[in-house]
Amino acid sequence: MPAHFGPRPFSPKSSGWYRDVTSMTVAFVTEREALAAYLPAPYRVADIPVVTITYACNRQVDWLAGHGYNLVAVNAAAVFEGEDETLEGNFTLIMWEDLADPILTGREMQGIPKVYADITEHSVIDGHWHTSAGHFGHKFLDVNITNLREPTPEEVVGNARARKGKDNPMAWRYMPAVGGFGQALNDATTYPSENVIDEAWVGEGSAAWQHLTWEQNPTQFHIVNALADLPVLSWLPATVARGSTNLVVLDRLPRRIS
Amino acid sequence: MPAHFGPRPFSPKSSGWYRDVTSMTVAFVTEREALAAYLPAPYRVADIPVVTITYACNRQVDWLAGHGYNLVAVNAAAVFEGEDETLEGNFTLIMWEDLADPILTGREMQGIPKVYADITEHSVIDGHWHTSAGHFGHKFLDVNITNLREPTPEEVVGNARARKGKDNPMAWRYMPAVGGFGQALNDATTYPSENVIDEAWVGEGSAAWQHLTWEQNPTQFHIVNALADLPVLSWLPATVARGSTNLVVLDRLPRRIS
Amino acid sequence: MPAHFGPRPFSPKSSGWYRDVTSMTVAFVTEREALAAYLPAPYRVADIPVVTITYACNRQVDWLAGHGYNLVAVNAAAVFEGEDETLEGNFTLIMWEDLADPILTGREMQGIPKVYADITEHSVIDGHWHTSAGHFGHKFLDVNITNLREPTPEEVVGNARARKGKDNPMAWRYMPAVGGFGQALNDATTYPSENVIDEAWVGEGSAAWQHLTWEQNPTQFHIVNALADLPVLSWLPATVARGSTNLVVLDRLPRRIS
Amino acid sequence: MPAHFGPRPFSPKSSGWYRDVTSMTVAFVTEREALAAYLPAPYRVADIPVVTITYACNRQVDWLAGHGYNLVAVNAAAVFEGEDETLEGNFTLIMWEDLADPILTGREMQGIPKVYADITEHSVIDGHWHTSAGHFGHKFLDVNITNLREPTPEEVVGNARARKGKDNPMAWRYMPAVGGFGQALNDATTYPSENVIDEAWVGEGSAAWQHLTWEQNPTQFHIVNALADLPVLSWLPATVARGSTNLVVLDRLPRRIS
């Protein structure tokens, strides 16, 4: 959209590849009931109620002609129990990005609940990694990772085994009717990707939210406050990784699930 | 969207009012056939094929808690000839904005084809008004207005008469199916507003487009180039205005037209 | 600087005028000793130890070809008691601006201690004015003004009388020797301006600082923390004003004082 | 400056190291007389009149607590022939940076003629590297490098030999007197650095300038136009490199030269 100028012309240089991705991931176990409040049926919380916060510094993005952007995604470990299929993975509670172009594409084509934030490119000082996100001048999130080390072979194997068959990114595509009342679209979706890890480290990480008022962030304060209120029972190991990501996996394209 | 955190909480301080709006408007007559190529049926070009480029510096926007943003809209004088109704007004070819929040709301609730650009706040030097728009570091539009004077009473009356019943803003709401292939939504819409003009001046204005490559602006270059190629037969009088705008007119809410 | 391209060419359109200035000013009485710690001799704290925080939204700035910028200045009521002259006015503790061009000019030509911050353009909602400032993603200042009303004639007269002969803006121009050790320049300066007020309102206002760490703002945290630690004995009436400012007053150009 | 809050507190985490630097360098031979016009005596053009344009994406900068910024430097191959010493190297004609903090430090402590620009982080698409710079919404520079390959051993050795004793970065520190008339500081300086190259590639590169008017960039247009008018006799091989840089080399600190 606008659609009347015809489809976006395809360049032979374009693809689904994000060729230079640096990510910071922190995760915590929360209370099942608290998290369940934000999963629309037929999604349910996974066996372990884990919330994952991932910052990604995306560079050399082919479909953006080699430009890039930053994102912060908040995902809930979830199971989709539909009429036709059951899928284990992560339900995207929200994804902040600092560039409108992928926000529009993600919302409209994959149903990912993307919204805008100013996301500070990660800083690294004395082995400490940090990023933050804010909007309208009011910071709402800090993410910190420190004490990084290389993962043990056991951790690498264990991580791969744990993710096997359970790394489906999922979302809820909802569009209102014209004028904002009633619904026009209501789909559960999955948007698989292919991730190549070149380097990865394990460390200790955490995130800190700041509660906001309507005056400070009138379009997102209720979401920030909901996430800030999720109880943190324990922080899980954090990771920093460098690699590349492909969002167009030919045999696993984004699709509706039911 | 995200919808699973519930609807955006309403503040009693919110409303449809944009309480401080400064606008620059330039317009030109183009060739009917050239313009017609971008109007989806059942829209057709109006009797005089006019393209209007409007920059607005929106401040004190109630639904944004008093924050603001800039926009550049390109509209075509058009008639909607539907099965049920005929509407004269302006078909929005594209609307660039420099804040993601109204882009999302406008696309999804009113069907306005909004996309992002960096829009320079207007400068005023020696009676010359200027703004520009670009993305990914590449400017694509300059708008200039000069030789401003107060409108004559005849111009005020004539302008009001000319607009009577013909100032319907209209758009095409199109959303693809999940994955991007096929359509999920396909609506013609109108999104009326109420405009209060506190001050207005008439002058000479024009716009200059820069052709772009895919490498320079991979998501919008084809639109910029299409607009840059519209023949300019003659520039019409330009206007600068200050006032306020209400996007929520109770008896004329945004709606589908057919 | 760079000086080897010759002086900046003068345009006949340039001048010292800032033709569209909107300002918010809050002020408080602090403890004399606490404030005195930041005034270099021969400056001393004025009879009433007042700190003033002024936000200005500068637009239509002639020397910037009609562009603009925002600033937040923190001033101390002070007296310069030099060998040759005594001057009453405001000593600029710090001035944040969101555009580098006036920062460079102000530091190097007038000795004003300007540094950079992201300064949110003021928002106005339901009669409440707000702005904030931050750097590297970390907000350090919120300024709020509310309950605005027109000033009484007595207030207008009293304010003019109180300022008479006491509105000299003053600063300390200090430049280190090459390499940063030792001094190369060490001047007390005054930089008069001419202010035209078109509209003004009086209300209640305050400012809130956030303490920062070196990691959050390595170039300014000590300044922010020093200002945050100044005791607030009482807030004075706040003002919002619209008007214009001339920085080049021919018979009162910026100069060294001694 | 401000100096009255005391010196900037030193963190043990701070240092002169820029730990993650990605650079693009293009260079051309120009006409000696044209270039000589911009070198203040006692600088003179080197035996081969080369102009080098370097973009650097600086990340993990220790003195900025691990944050970063981008720069575009334009250097002239030059010889300083002072009364006391003769130094071969590069005279910095101008250095644009997109963060005010290093602009202030560089101007005031090393005399580097730094000014602000919006500098697009480099994009990489299909082996083509690009960056651009602009200000006030008007792009003035594009830099392109393509056809990259690893350097031959001969090139590595030859390059090191050619630079031996000739890689002194030099500048002219000029500050006006208060008020802008007359001079307060006038020094020739050198600011050595230590560069560690982790990876480097050689390719074909060029830069394209856009002439600007005072209205488009009132503080820099004359500099951009002067650089745009330098004749390009031939483009030299371009390089892309990744590595780290140390600006505080203990036995070669920034200093005045005479």
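Should a chain be cited, it is by its letter among A, B, C and D, assigned in written order, with residues numbered from 1 in that chain.
Here, a residue touches a chain if its C-beta (ideal position, glycine included) is under 8 Å from a C-beta of that chain, and two chains touch if they have at least 3 such contacts.
Bear in mind that the values here come from a model prediction, so they are computed numbers and not experimental data.
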Discussion item. Between chain C and chain D, how many degrees of rotation does a Cα superposition need? Round to steps of 5.
Written reply: 180
Fill in: Rounded Å distance, chain A centre to chain B centre (Cα mean)
32
Practice prompt. Return the distance between the CA-based centres of chain B and chain D, expressed in whole Å.
Written response: 42
Worksheet item: Between chain B and chain C, what is the gap in Å from one C-alpha centre to the other?
Response: 38
Fill in: Sequence positions of chain D contacting 2 or more other chains
13, 64-67, 120, 123, 125, 128, 130, 136, 215
Practice prompt. Please categorise the chain-chain contact pattern as a line, ring, star, complete graph or other.
Written response: complete
Discussion item. Touching residues of chain C toward chain B in the complex: what are they?
Written reply: 13, 19-20, 59-60, 62, 64-68, 120-121, 123-126, 128, 130
Worksheet, complete the sentence: In their shared complex, chain A is touched by residues of chain C numbered 118, 120, 123, 125, 128, 130, 132-134, 136-139, 215
Discussion item. Could you list, by residue number, the parts of chain A that touch chain B in their complex?
Written reply: 1-6, 8-9, 11, 13-14, 38-40, 63-67, 93-94, 99-101, 103-104, 107-111, 113, 115-116, 136, 172-176, 178-180, 184-185, 187, 189, 214-219, 221-223, 226, 253-256
